[in-house]
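In what follows, a structure is listed as structure tokens, so that the remarks can point back to it.
Letters are used for the chains, namely A, B, C, D, E, F and G, taken in the order the chains are written, and counting of residues starts over at 1 for each.
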Amino acid sequence: MEFLLAILIGLLYASGLYMMLRRSLVKLIIGLILLSNGANLLIFLLGRITKGKPPIIPEESYNFLDAYADPVPQALILTAIVISFGLQSFAIVLIKRAYKVVKTDDLDQMNSTDEFS
Amino acid sequence: MSEIIIGTLATLGTLFVLLAAIGVIRMPDTYLRISVTTKAATLGIGLILGAAAVYFSDISITSRVLAIILFILLTAPVGAHLIGRASYFIGVKLWKKSVIDDLEGKYKKTTHELKSDLEEDED
Amino acid sequence: MKTIILRTASDYLLPLLLLFSIFILLRGHYLPGGGFVGGLIASIAFVLHAFANGLENTKNLLRLHPGYLMPLGLLVATLAGLSPIFVENLPFMTGIWFQEPLPVIGMIGSALFFDIGVYLVVIGVSLTIIFTITESA
Amino acid sequence: MLLTLYKLMLIAILTGFLFSIFLVFAGKYLKGRLAILSALVPLGLFVYFLNFSKRIANGEVISQTFEWVPSLGVNLGFTLDGVSLIFALMITGIGFLVFAYTAAYLKGHEFLDRFYGYLGIFMAAMLGVVLSDNIISLFVFWELTSISSFFLIGFNNKEEASRKSAILALAITGTGGLLLLAGVLILGNVAGTYSIAEMLSSKEVIADSAHYILIVLLIFGAAFTKSAQFPFHFWLPGAMKAPTPVSTYLHSATMVKAGVYLLMRFTPVLGSTELWNSTLIIVGATTMVYAAIHTIFRTDLKGILAYSTISALGVLVFLIGLGTQDALLAACVFILVHALYKATLFLVTGIIDHETGTRDITKLAGLRKVLLPVAIAGILAAISNAGIPPSFGFLGKDLIYEATLHFGNSAVLLTILAIVTNILLLYAGFLAGIKPFTGKLPTTFEKVHLPSFLMWLPPLILATLGILIGLFPSIIQGSLIQPAVTALGESGSEIQLKLWHGFNLILALSATTIGVGALLYFIMKPSQKLENGIAKLEFIAPQTLVEKFGFGFGKFSRFTTGLIQNGYLRYYVSVIILFLVILTGYTLIQNTKYVFDYDSFSVLTVYEVLTVLVMIVGILFTVFTKSRLAAVAAMGVVGLAISLIFVYYSAPDLAMTQFSIDTLTVILFVLVLYKLPKYLNFSDYKVRIKDGVLSLVFGALITVLALEVLSEPQGSQLTDYYAENAYVLAKGKNVVNVILVDFRGIDTFMEIAVLTIAAIGVFSLLKLRLTSKNRR
Amino acid sequence: MRSKFLSNILLTLVWVALTGSFALLNFVFGFILSFLILWVISNGQGESKYFKILPKMISFIFFFLYELFKANLQVAYDVVTPKFYMKPGIVKVPLDAKTNMEITLLANLISLTPGTLSLDVSNDRKVLYVHAMYVSDKEKFIKGIKQGFEKRLLEILR
Amino acid sequence: MIQHIVLYPIIVQLLLAILLLFSWNSIKIQKLISAGGSIISLLVSIGLIMTVWNEGTLTIQSGGWEAPFGITFVADAFAATMVLLTAISGLAVSFFTVGTILKARLKFGFLPVLHFLFLGLNGAFLTGDIFNLYVWFEIIIISSFVLITLGGEKKQIEGAVKYFTLNIFASVIFLTAIAVLYGLTGSLNMADLALKIAAIENRGLDEVTAILFLIGFGIKAAIFPLYFWLPAAYHTPPPAVSAVFGGLLTKVGVYALIRVFTLIFVGDVFLENIILVLAGFTIVAGALGALTQNNIAKVFSYLIICHIGFMILGLGLYTEAAIAAAIFYVIHDIVVKTNLFMVGGLIYRIKGTYSMRDLGGIYAKYPLLSLLMIIPLFSLVGIPPFSGFWPKLSLITESFKIDNYWLIAALLFGTFITLFVIARLWAEVFWKKGKKLPEIQNFRYYDKLKIEKKIEIVGPILFLAFISLYIGFGAENIQQLAMRVGEELMNNQMYIQAVLGK
Amino acid sequence: MTLYDYLYYILLPILSFSIVLLFIRFLKGPSIVDRVITLDLLITTGIGVIAIYSITTNQPTFLDIAMILALIAFLGTVAFSYYLEKRNKNE
């Protein structure tokens, strides 16, 4: 499964990047979302995955009785997911605003700030 | 004994879910697909969750299972209603072999106000 | 959306979801859940209400702009984090606990208040974002 | 007592700075009285330095160090020896006269206070240069002279030409300054000290060092630019845009001599090598001849003086290049000679300009009738310039010929060059000092008045000095010249400055020079035609070349900047990714084992494979669908699949959060989307393929990296610690949650802060509308 | 007032069930919590009726489960067999149900039953538009709904 | 516990942000809180750096969990210096904001977000945990997104899209690097990582991770060829925002690079060479860019890039003296760049334009103000003995010591272009005769401002100018500090010892 | 065959297969409504998968996820409907 996940993560990175290389602002944001999903899964995978053993201490016990999954990557990803949510929601609104003021979704038409003046 | 109950519930549930899936694939129009999914899946999931409840046979888990079922029962039909209605707005066509469409022309285009036209009928 | 079906359903879903959200919040320390998901569910409750009844009604229901929940939550979390400094001269965010556990919630301690802070902030944030977008839509 | 005196040396330098800071705040209120009072500053300093002359004459070298930035080896180390003293006196002495002159010259000018401010800074900086023993502090002051020069050249800054000249001068001298910086730093490193005095003892080490050539070239670069040596000379004529006092003070008497000073200062450290001497001789000779020839083609008095100044600077560099005791002696003397007569000529020119409103030599004549004291000054200066006995200039010229004549094999050639230069310089001096005053006074100038004594007295004093010293060379011989030559490392024989050496070859050469020069003056008539003639050659002039280079460079920078910063976001992303791919790819390929421990991987099951499959297709669908809404919905599917993966692999909290957030994101998208235009496919096929390849390579890289990492052992001590303590110490059983609110609570804290900020952002982005009313 | 109290009790029960702890303290906590929630959200809401008649309700639940199962089989059969026997269409069903609660419950129950889907209620609340898979006879279909779900439902609710 | 003070800069900013949010409806109160809070913040930072100077590196384990299990906060000389600079720059900007930012913007959360930004900066400097650093980075970027878009004008949005995309992209790479790091070591504490990374046998993976950090932080630091977002965006927001961005934001990237490459990834010659090459190109590319622009804010933006190259160069040279020089440059640059954009803001306020073509005549009309503005300009160029001069000494010397003349050439080139550009700017903006520009409606020209407003604008510039002067003329003290930092950084055992006690 | 094997090797794959079927409909569309429906149904099926998985792993914890899924999935449908209605009104 690790092998498959590694490929899946690669695909997430690749497709995220590909979307970022399009000219549409919407695609750009979708690309960023795919990328951050990829990064989260990468943390998950590289933290080593364990099946069916959530890191929750059983009732009536002070300690794990059995094997358990590494909780650290999970905590990290949780934080990362929430943070990306904040950024994504801002990004989505940015699209809206951009369309309102620039009147296009086409990124190629948003380069006035790079022009010589 | 409980194993048999669990197995049966889970099997039935799974089959209903599968049924819903096949239904969604096969049904010829959107409304029919909505129709099929809401029920089959609801029932199926209810049964599967029931199996889980029996398996764990713990009061807190059972009540949680009941809560999930309750939620699904509450939300699934509302969702179906909303999306079905929306389909009509955006002009999703009925299957060509449909026999009747009482809704035709009853929505006001701009406000989505829905007429009953009952007075007209009574006249 | 003008549909009584949704409106009626949301009236009943609202308290149910809120209850549920608190449940999720409080059990986080023992089982999956916690302030974040709890807060999300609470905000979903209000969002549903808003979809069904219109934003104005939901805002009236809330009385206060949801945005104020953000500093409130942050303040709760900060105070929870600061409490060890003042109480026992321990580092910021050190957990301090009451002696006796409560049912469901378990041990009451600064971590719980911190989670409540998270809960409030998440509600404030989600509602602010969704309401703002809906309003300007 | 001694100590206080020493300390004064720092204060002496600071005086100028303090003076100008004082002017910044008080200048406006002092304007009327300011002028004369200001002149007291350089006068006081002149007297102060004069006080040292006796001790210097006795062979003392006064030095004092003040710590500044000792951790960088930078001290304010000051040394007063013969060379420094000559320069210090020149700076303060001529400074005094120029300050006084300015009082009248710029009388009533609205920015007079600023002008004095700049002059004050300049004077202080220049003193700093000539007194510094620490080469870093020398550099510091050196740069300050360039900067103050920039402000002075640009003083009439409403004129574009003035601004342009200021920038050009700064560009050239600034470049030189940076070369100097590199030079002194490398030199300091090689020598192991930044103190010039200490370097003297490691002369051999420096000369033998592999970096000797580099050091010398860098220092040459600095000296040549500052002292306007060919081909860096062209900024100087441009600098004449500055008010005349500036031209007098900076661009003829003092600042431009900083380069000469630098060469002199480093002669004992770096000199006496083939590289050093030959380069200086060649550059100096070229400059002196080239600039001297140029004077013929000028009609603007200041232009003439500018080129003759360049030529004189060439002579000085040439003499330092010769490097013999004779030559260095000649250099020391000639510096003074030149300072006296050239300053006079500039001041005279200033008066002419000020009173007649023109500097065009073809129009000026007969002014002796209206400006007699000025005429006297001019003529005296011209005499000294010409080297006519008994002027100081005669002494100087003698010494130059003395030096060239005794310079081994090339003596003849060098002497001829010196003669040619001197002839042309004589011509130039006559033009500036005599021509305007002789002949018939044009009617237009009849109403010209003699200006305030503040203006004519300074040149007269300088000119008179030029004669007096010639008559009584002993005034300076022991007190100034001898110590200076000693300081240059030539402690050989005692120096005798005499006007009369008897009839000898040198006298003959002098006579020839004067004769031919005078002849030239009577034959040649400066004219606009000549000036126009040389203008035709401008396209190969160094200035043109430099300007062309500058222009080309500007074009080049626009081109490259436009290429790099082309405005297309996707291109930016590509470049960054390409960079990443190349670097990491290179490293990975070099180090990868490609041996994966498949056994340690968990088994594939049907439901997992199907989940992953759905996810893969979902991703592809998101990427390739033509409908935005479908793409958004597909992201929902992807999110669900990820949640399921989290479920399979024991991460319930993650699954919950991932799912709820994905749903929320989809909702936000949906709420925003309907106002947007349709998804358009902008890019063509080729671009898509190119991007696709890049993306796939990037993805593959990440996959390989992941597999590589997985094949390494990992044991986290965190995990065990958390497991042991989650319940016992942190009183929670959901370890993930315990980490989130306790072990790593700050992460979560800031995560909600991020959310808060994002919400504010969303709120303000959508609600805040800047209207024309609240826009400003 | 009474219905509010009922709601409060009901929510308390839900809480207790969710938490799975029947300790007295948990009841009290659940009650206070529900009270607070109801208080928070009660602003601007009209009276609402909660389940009054328990037995009827239970019988209704069984009736519904039976319908659900039966209809599911019917639909299942149609889905898995190659040929479609259905005659779908949208039917206008006049309503006797009046209150929001009544209409909503009815509509949802109809939707939950396989083969039928409540599409919308007219703005004057007089008519429910239902999409159905089998409308060979329109009148019979309407009657089925009115006699079946609506009647039983109203019995409970009124 | 004396260690509490490590977290005070963070807590103060956090409380400020919260208070500001509570006072959402009253700009007046917000202004008071922001100004007062910034002063408190400065005092706290001074307290911190003095404590650190006397007591050595301080650490505090947040939550009381011993390292490496909790999140450790570490105040070494480097971190304390950066915190102090944040406070200084923050104080100036906070006042400048009050004087220059539109009411409309203030009503929509400008000040709270500004303080959130400072919070993020302080956190990033003080944390000793790599993932926590990521979180602080996110605070910083989201605040900067909000600040850069606040007002939502066309150019702001266009710039923001690029700024946003590339910065998020950097975060993703950063996160990827963390994933790899955790996958290799199972640790997040930076001191612990230093030990564990050193023990990894597969140096290739170690190197790849380092490269990922280099690129992730490099984007944020705006080094070549990763800096595209900066010229696209930095000139678009109001000057108060550009001032914080120009002064502090890119420096966080530099900070992170220096931190990571002196603590965790140590002694990789290949990487050091890459960093050197990039530094050289950064200097040159930034300089070329600055040469081409006519908008003064854009000129400043490119100069930021150019000078980032200087700092990175110090890192790449990787000697104690060079690192110290980089630190000195950072100290100088934060103050100067902040001030520079405020100066730009003042110029804008005077004439209503940023274009050098239209500007002019300021020196004639406002001589004292011009002289004030010349201080940051001179410091920027590093005209000796102004502040930018000193670090170059070591940079050149150290480049010479490895016989890399290209680097010296790049340094001199960068310096020269800076000099040239600023001279041209001075000539165009201050000297040139002012044109009569069409009056902008509702624009509040500097002339027409009340004296209090003028003080709010000029005061911060004056404040930072004084600090610049101090850095230049009191260079010895700064150099001592920089050398202490350099020494601490080059001996990462000190850091590890302080955090892990071993 | 134990109950575990039955659930794990037969039912779980069947449910996953259902997911694939649903996903095919998702891909086919044709209308956005179809996609929304299938998305909803996918989530519901996901709940089933999770429930079975929780039995096979003996981890009741996973049921909590099912709970969240059930709650939140609905909101997606509501939002899409809201969107479709609004877009339609605007056109």
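As a convention for this text, contacts are C-beta pairs under 8 Å (C-beta built on N, C-alpha and C of every residue); 3 or more make two chains touch, one makes a residue touch a chain.
Source: prediction; values computed, not measured.
> Note down the smallest number of touching-chain steps it takes to go from subunit A to subunit F.
Counted as steps through touching chains, the separation is 1.
> Chain with the smallest distance from its CA centroid to the overall CA centroid?
Central chain is F.
> Quick check: more C-beta contact pairs at C-E or at A-C?
Counting C-beta pairs in contact for C-E and A-C gives the edge to C-E.
> Could you work out which chain's C-alpha centre is the most distant one from the centre of subunit D?
Measuring from the centre of subunit D, the most distant chain centre belongs to E.
> If you average the Cα atoms of subunit B and of subunit C to get two centres, how far apart are those centres in Å?
Computed value for the inter-centroid distance: 31 Å.
> Suppose each chain is reduced to the average of its Cα coordinates; what separation in Å results between subunit C and subunit D?
From the centre of subunit C to the centre of subunit D is 62 Å.
> List the centre-to-centre spacing of subunit D and subunit E in whole Å, with centres computed as mean CA coordinates.
85
> Could you give the separation in Å between the centres of subunit B and subunit G, each centre being the mean of its C-alpha atoms?
13
> Can you tell me which residues of subunit A touch two or more of the remaining chains?
Touching at least two other chains: 20, 28, 38, 40, 42, 45-48, 51-54, 56, 72, 76, 78-79, 82-83, 86-87, 89-90, 93-94, 96-97, 107, 110-114, 116.
> Give the residues of subunit D that touch two or more other chains, as numbers and ranges in rising order.
Where subunit D meets two or more other chains at a single residue, that happens at 558, 561-562, 565, 567, 569, 573, 605, 648, 652-653, 656-657, 660-661, 664, 667-668, 671-675, 702, 706, 709-710, 714, 716, 718-719, 722, 733-734, 736, 740, 742-748, 751-763, 765-767.
> Could you list the positions in subunit C whose residues touch two or more of the other chains?
Within subunit C, the residues that touch at least two other chains are 1-3, 5-6, 9, 20, 30-33, 36-37, 40-41, 47, 67, 70-71, 74, 92-93, 95, 125, 129, 132-133, 136-137.
> Could you please write down every pair of chains that are in touch?
Between chains, contact exists in these pairs: A-C, A-D, A-F, A-G, B-C, B-E, B-G, C-D, C-E, C-F, C-G, D-F, D-G.
> Could you list, by residue number, the parts of subunit D that touch subunit A in their complex?
Touch list, subunit D to subunit A: 558, 561-562, 565-570, 573-574, 577, 596, 598, 601-605, 608-609, 612, 615-616, 619-620, 622-623, 628, 631-632, 635, 638-639, 642, 645-646, 648-654, 657-658, 661, 664-665, 668-669, 672-673, 675-677, 679-680, 682-683, 691-692, 694-696, 698-703, 706-707, 709-710, 714, 716, 718-719, 722-724, 726-728, 733-736, 739-740, 743-744, 747-748, 751-752, 754-755, 757-759, 761-762, 765-766.
> Subunit E touches which residues of subunit B in the complex?
These residues of subunit B touch subunit E: 16, 19, 22-23, 26-29, 31-32, 34-36, 38-40, 42-43, 58-61, 63-64, 66-67, 73-74, 76-78, 80-81, 84-85, 88, 94-95, 97-104, 106, 113-118.
> What does subunit G use to touch subunit A in their complex?
Residues 53, 56-57, 59, 61-62 of subunit G touch subunit A in their complex.
> For the complex, which residues does subunit C have touching subunit E?
Checking each residue of subunit C against subunit E gives 2-5, 7-9, 11, 14-16, 18-20, 22-23, 27, 57, 60-61, 63, 102-104.
> Could you pull out which subunit B residues touch subunit C in their complex?
67, 74-75, 78, 81-82, 85, 112-113
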